[in-house]
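Quick heads-up: structures coming right below.
Across the two complexes that follow, chain A remains constant while its partner is chain B and subsequently chain C.
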Partner chain A sequence: MTNSWTDIKNTDLVIIMGGNAAEAHPCGFKWVTEAKANRGAKLIVVDPRFTRSASVADFYAPIRQGTDIAFLLGVINYCIQNDKVQWDYVKAFTNASYIVKDGFAYKDGLFTGYDEEKRDYDKSTWEYVIGPDGYATVDDTLANPRCVWNLLKEHVSVYTPEMVERICGTPKDKFLKVAEMISECSSPTKVMTSMYALGWTQHSKGSQNIRSMAMLQLILGNIGMRGGGMNALRGHSNIQGLTDIGLMSNLLPGYLTLPTDKEADLETYMSTRGFKPLRPNQMSYWQNYRKFFVSFQKAMWGTAATPQNSFAYDWLPKLDLPGYDMLRAFELMNQGKMTGYFCQGFNPLLAAPNRKKLTDSLSKLKFLVTMDPLDTETSRFWENHGEYNDVDPSQIQTEVIQLPSTCFAEDEGSLTNSSRWLQWHWPGGTPPGEAKNDNWIMAQIHMRLKELYRKEGGKFPDPIVNLDWAYADPNEPTAEELAKELNGKALATVYDTADPTKVLAEAGQQLPAFAALRDDGSTTCGCWIFSGCFNENGNNMARRDTSDPDETGAYSKWAFSWPANRRILYNRASADVNGKPWDPSRKLIEWDGAKWAGYDVPDIAPTAKPGEVGPFIMNPEGVSRLFTRGMMRDGPFPAHYEPFESPLGNLVAPNIRGNPAARVFKGDLEQFAETASEEFPYAATSYRLTEHFHYWTKHVHVNAVLQPEFFVEISEELAAEKGITGGGWVHVWSKRGSIEAKALVTKRIKPLICDGKPVHVIGIPLHWGFTGAARKGFGPNSLTPFVGDANIETPEYKAFLVNIEPIAGPVA
Partner chain B sequence: MNVELSRRQFLGAVGAGAAATALGSLGFGEIEAAHAAAIRPFKLVSTTETRNTCPYCSVACGVIMYSKGDRTKGERAEIIHLEGDTDHPTNRGTLCPKGAALLGFVNSETRLKYPMIRKPGSDKFERVSWDEALDRVVRLMKDDRDANFIERNDAGVPVNRWITTGFLAASATTNETAWETYKVVRSAGMLVFDNQARV
Partner chain C sequence: MFPPVPNPSTGPQNPKFGENDLMRRSASSVTPPAERQTEVAKLIDVSKCIGCKACQSACIEWNDTHPEIEENTGVFENPHDLTPDMFTLMRFTEWENPETNNLEWLIRKDGCMHCEDPGCLKACPAPGAIVQYSNGIVDFVHENCIGCGYCIKGCPFNIPRISQVDHTAYKCTLCSDRIAVGQGPACAKACPTQAIVYGTKEEMKKHAEGRITDLKSRGFANAGLYDPPGVGGTHVMYVLHHADKPEIYAGLPNDPRISPIVEAWKGVTKYAGLAVMGVAAVTGFLHYMVNGPNRVTEEDEEAAERLTGDRSS
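Let's turn to the complex of A and B:
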């Protein structure tokens, strides 16, 4: 979230699209209710199902899953055509006026530079014209036909209300009502918030779904505002933190990136990460990259990371591919190229797509290690559970080691919620049996592996035996010790660069914040964006002061919010170019003539003069991007692409199937149903229920009673067409797998008319498996295709094709 | 200790005192004592309160756990009740159908208690000690790492990667566990590394 749960109360309009907060995030949704009740805010829900969020909406519009970009670019087109643009914001705070290189174009669904064989682009033309002064060229009048604004205007012009209706199945009058309500928020004193979740991410163009809304929010001037923003409702309690700390193939903590094997040394690595300003006076905060990187290396390898060995640069593994994400991991397993796999609190047998491929893949491993408080399906993938896990254990040679871990109630530490709040919690219970907490387990793995290398020698033990491990009890680092490492400390006295007589931290002290980080090895910091969480003031994540001056919803003394305890990102943009709040009733910070001050920690240097330094300090432009240069794999603007499995072809680019830049492994393409398939005519989607959390709560008796049994949801119309009765059994199958379930026939799903043809939607909840207290069932992943988003490989769970028929069902 | 004074203990003491005074003033004397003894004390009075966060979705509602026994004093602590934290700015004491049933997660019958190993081709798990389990894990790791670790690529650049063993990290472990996990996994040279952010 750019903002926070408690900030939602400040909004005028909530749009829930790509999520279902009332059911999936009920206690956060309360803040929508608060905004509706106390300031007359309106709620719009756009979803294929009439969800419980929709049931309390002021306006609901249906949409076919996988067509959000067409809808949102349609809204942008509406705003441009009707002059519903926050012009002062767009001109000053976005790259609307930047001139784009001449070679760049978009035609028939493709941007310049496409290589069909590689399914990738040469992105060299997706860039600004750079002037002789080294800066990007701009035209403040927006008259130049090659400026971003005019290119955008042309790009979205095809998404007329009529085209939106044909693609999305949203009736034109409903689309126009939504567009009109949204466009009102182009006023500097009206603000919309976007609340989205996996309904947007789990598509082969998920990143561009989100980008489309971010662009709309910029055009409306809603980023950086109280009650505005892009608010990702993360699905799990600490998936924000896990991502922040970079537990992904290609990341280092704090959104730094791992070197590739083309970057042979530290200087080559740094040469593409300096991010020099693209406009005069801009902060371009990534210029500090080297400080973050060197401090991270010091946190990893302590005294063994020296200037002489480039701070142990060679000890980081180098990537030969864009990334080894979960989908690639299973692909490699399936090819027999992997030996071992660890699953820490993760149940991929139910969470990754194409279940049959997963079982085949896990069966080819030599070993699998699971660490979990619960008895997961993944740890028992080799066990026969009849139709629910139809395997022959004698044919599976994988050794499985199942390690029991503690749960939240027995564990200490911080979790980062969607609001970016790091909140500390304490253990209250004794773990059952011999269950151990993860800190102990991971320490044991490290200590014992290190011992083996010391005893036996072996391949390149240096990064293992030199890992900084100075904990009071090396067998079990405490949460406090680890939190202090994340914050960082001074290894030598750190002076203020602006005033060398001023000491920021004495050697050995915790650093006050990331501004104190240095690139000479005199500071250490595990994750720069968390710096300030545990400094000389103590554990700021454990703060429980509920004061909230003027009730802005900031709660700045509650826990710690990254970065720098800032509650609303880009809050400099809440004030106009001169530093006066766009809306005085929504003041966040303002320029008092000498410095920025207000309710929140300014997202800009406190003395950066308005008019000179732009509000988007992480970007070298100093402004936000409507045109995202070469930052995304599938285009600098979003474009409508159908899901890989779709009931109709791409109406704006008929020759394009799926997202042309999405990675597809050999063998998986053959397992996709053809477009407008007669064999698989129905558009399926997956979703959560309010009574269940993923695959965990089926282990909880109460939740297993509340929602005991797997079902699929269909419309009355489809039920009548297929002779299916409510509560009767159905067989649902895709090109990859087959499930049986009870049918829930509802009015919540209605057939959509897309390009003149009816499209039936089938909803498949995701909470059942073969372990736990609920009845055995299936998950949507028995059916879904093995393909991910072009940028970050989130599997396409929300849009795929199936067929359905009534069956007799099991004998009771 | 994170809870300085138990709110319920405080209220319990005040309530009992007020009742005794009222009855005493009416002259009931011993009846008062007998009556007080017959009332079962409020069941949470003798529990330890601990603040925690709901482990499910990313709203991260504050919860208060009530345990019999205080683990900070080395006692075995059994959580017997769990409710929303009314002081928490986000949830203000409310919990959803999942959070309200959290006690059932803590005490679920399918909580794992012992390390287990399933041998190749076997149809069952067998209980092992932690030492056996962990020694086996690192043996398998080291054998694979030593066999398949890539020190340099074809161009002779040090790449120091290990791509035949991978690690899927969680979605609900603490930041501190995540950091420790990062250190252990990356220092071994692993690149097949992901978390549950996507699903």
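Let's turn to the complex of A and C:
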């Protein structure tokens, strides 16, 4: 989230699209209820199904899954055509005025530089014109036809309300009503918040779905505002923490990136991470990258990381590919190239796409280790559970080691929620049986590996034997010790760079915040964005002070919000060019003539003068981007692409199938149903239900009572057409697999008319498996295609094709 | 937001009401307390409810019940009905509003309404099995319950359920055990959107007014409070967007009243019945006085042996 859960109470308009907050985030949804009840805020829901969120919405509009970009670019087009633009904001705080290189163009669904063979772009033209002064060229009048604004205007012009209706199946009057309600928030005193989740991410163009809304929010001037922002509702109590800490194959903590094969030494690595400002006076905060990186290396390897060995740069793995994401891992297993798999708090047999491929892949492993508080399906992938897991154990040689771990309520530590709040928690119960906490398990594995490397040498022992492991009990580092390491400490006295007589931290002290980080090896910090969470003031994550001066919703003394306890990102943009709040009733910070001050920690240097330094300090431009240059694989503007399996061809680019830059493995392409397939005529989507949390709560009796058995949802029209009755059994199959389920026939799903043709939607919730208290069932992943988002490889779970028929029901 | 009921201290507390506060007791007469306790109420704002069933799970956990894991029968109600182990149930109705042509998904938390004039209590023949406290809570006392099921017949909302295990009737207690020590009902505590709030009946009515104003501003011209006068008002009330048609909310009665049979039974019939019983007793006594005690004849013995068959041999 750019903002926080508590800030949603400040909004005038909530749009829930690409998510179902009332269903999947019922506790956070309370802030929507507050905004509605106390401010008279309105709620719009755009979804293929009439959801629980829709049940309390002021306006609901249906949309075909996988067409969000067409819808949102349609809204942007509407705002431009009807002059519903927060012009002062757009001109000052976005790159609307930046001139784009001459070669860049978009035609027939493709941007300049496409290589069909590689399914990738040469992105060299996706860039600004750089002037002789080394800065990007701008035209503040927006008259230049090559400026971002004019390119955008042209790019979105095809998404007329009529085109939106044809692609999305959203009736034109409903689309126009939504567009009108949204466009009103272009006023500086009206603010919209966007709440989204996996309904946007789980597509082959998930990142661009989110970008489309981010662009709309910039055009309306809603980023950095109280009650505004782009608010990703994280699906797990600590999934924000997972990304922050860099648990992705290509990331290091704090959104630093792992080196690639081509970056053989530290200076080469740093050469593309200098982030020189693209406009005069800009902070371009990533210029401090080296400080974050060196401090991380010091946290990893302590005294063994020295200036002489480039702070142990050689000990970091170097990527030969863009990333080893979950899909690639299973592809490699399936090819027999990955033979061991550690599965910590993860149940891929139900969470990854194309279940049959997963079972085949896991069956080829030499060993599988699972660390989980629950008896997961993945741990039992080899066990026959009739039709629910139809395998022959005698044919599977994989050795499975199950390590029972504690659950969050049985151990101490912090969880980072959607609001970026690191909240400390204490054990509420004792773990059952032999369950051990993850720290202990990881430490045991490390200690044994280290011992083996010491004794036997091996190919490359250095990163393991030199790993800094200075914990009071090396066999079980405590949560506090690890948290302190993430915050960072001074190894030598750290002085203020502006005033060298001022000491920021004495040697051995915890660092106050990331501003104290140095690139000479005198500081250590496990995750720079978390710095400040556990400083000399103590454990700030454990703070439980609910005071909130003037009820702004900031709650600045509750827990710790990264970065720097800032509650609303880009809050400098809540004030105009001169530093006065756009809306005095929504003041966050203000320029008082000498410095920035207010309710929140300023997201800018406190003395950076307004008019000189732009509010988007992480960008070298100092402004936000409507055009993302070469930073995304699939284009600097979003464009409508159909899902890889779609009931409809691409109406704006008929020759393009799926997202042209999405990675597709060879064997998987043949497993996609063809466009407008007669064999698989129905558009399926998958989702959560409020009664359950993923595949966990089916192990709990109470949750199993509240939603006992797997089902699929279909419209009354489709039920009538196929002779399906509510509560009866159905067989649903895709090109990759099949499931059996109870049918729930509902008015909440209606056939959509897309380009004149009815599209039936089938909804498939995801909470059942073959272990636990609830009735045995299937998950949607038995059906879903093995393809992910072009940028981050999140699987396309939200849009795929199936067929359905009534059946007599499984033989008992 | 309505200020939530604060967490109570964890030390031992004296109950705030008890036997002395009984206003009614089934099949027995009590002397009502001289002064009524402040009436309490739970307000369920259907327009804020997201159907998450947190109330159901809190109810199961607080009351430590163990409902069965049922099948899916093509609906969202789980369990499928109120049961002796499930005192509250979210009922889901898909309603197409004929005025707007829009679909509305009406979700109502069903359960005991804690009527001011409780039909269950009036129908109950077991002394002390159902009681009503002066704060308005209607509670079942299981050791006095004989499992006859009359309370179900007496209830205009079809709420109580008889357990097949201990053959006594169960329903929502309004968490009388929590309220007695200053806590709100478990369901209200668990509700994430404050669709369920708890306080004095006056506070609840006032809070409802604000909600109704908000709903009217959103185009729900008939928004209103459900506090049916036919049962003297209730201590569980609803805010409905369409208060003019409560029946669209999974059959919420439009004008609930205690069944005339129960009223008659507890009214005229009761006295008539007592009179009949009295007459019968008097007749029996006179018969004895005139004819003397009954004797067992030989024919009687033979008839009895025929009836018991082989068992006697």
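Basically, the second predicted complex is superposed on the first by the 810 of 812 C-alpha atoms of A that agree within 3 Å, B and C clash if a C-alpha of one lies under 4 Å from a C-alpha of the other, contacts with A are read in each partner's own complex, and residues count from 1 in each chain.
Heads up, the rule we're going with is that contacts are C-beta pairs under 8 Å (C-beta built on N, C-alpha and C of every residue); 3 or more make two chains touch, one makes a residue touch a chain.
In this text the structure is predicted, and so the values were computed from the model without any measurement.
Novice: Could you say whether A:N703 touches chain B, chain C, both of them, or neither, answering first, second, both or neither?
Specialist: A:N703: touches chain B and chain C.
Novice: Count the residues of chain A touched by chain B and by chain C, then name the partner with the higher count.
Specialist: Between chain B and chain C, the winner on chain A residue contacts is B.
Novice: So in the superposed three-chain picture, is A:K366 touching just chain B, just chain C, both, or none of them (first/second/both/neither)?
Specialist: first
Novice: Could you say whether A:S55 touches chain B, chain C, both of them, or neither, answering first, second, both or neither?
Specialist: second
Novice: In the overlaid three-chain picture, which partner chain does A:T272 touch, first (chain B) or second (chain C), both, or neither?
Specialist: neither
Novice: For A:P477, is the partner it touches chain B (first), chain C (second), both, or none of the two (neither)?
Specialist: In the superposition, A:P477 contacts chain B only.
Novice: Of the two partner chains, chain B (first) and chain C (second), which one does A:K30 touch, if any: first, second, both, or neither?
Specialist: Both partners, chain B and chain C.
Novice: Between chain B (first) and chain C (second), which does A:T746 come into contact with in this model arrangement: first, second, both, or neither?
Specialist: second
Novice: Which holds for A:W421: it touches chain B only (first), chain C only (second), both, or neither?
Specialist: Touch status of A:W421: first partner only.
Novice: Looking at the overlay, what does A:E691 touch: chain B (first), chain C (second), both, or neither?
Specialist: both
Novice: Under the contact rule defined above, give the chain A residues that sit at the interface with chain B and also at the interface with chain C.
Specialist: Shared contact residues on chain A: 26-27, 30, 690-691, 701-703, 706, 773.
Novice: Taking the touch rule as given, give the residues of chain A at its contact with chain C in the complex, in rising order.
Specialist: 22-23, 26-27, 29-30, 33-34, 36-38, 40, 50, 52-56, 58, 60, 690-691, 701-711, 725-728, 742-748, 773-775
Novice: For the complex, which residues does chain C have touching chain A?
Specialist: Going through chain C, the ones touching chain A are 1, 47-54, 56-57, 60-61, 66-76, 78-79, 86, 94, 96, 102-107, 192-195, 211, 214, 217-218.
Novice: Can you list the residues on chain B that touch chain A in the complex?
Specialist: 2, 48-62, 65-67, 69, 71, 76-79, 82, 87, 89-92, 94-102, 104-106, 108-123, 125, 130, 133-142, 144-146, 148-149, 151, 153, 155, 157-199
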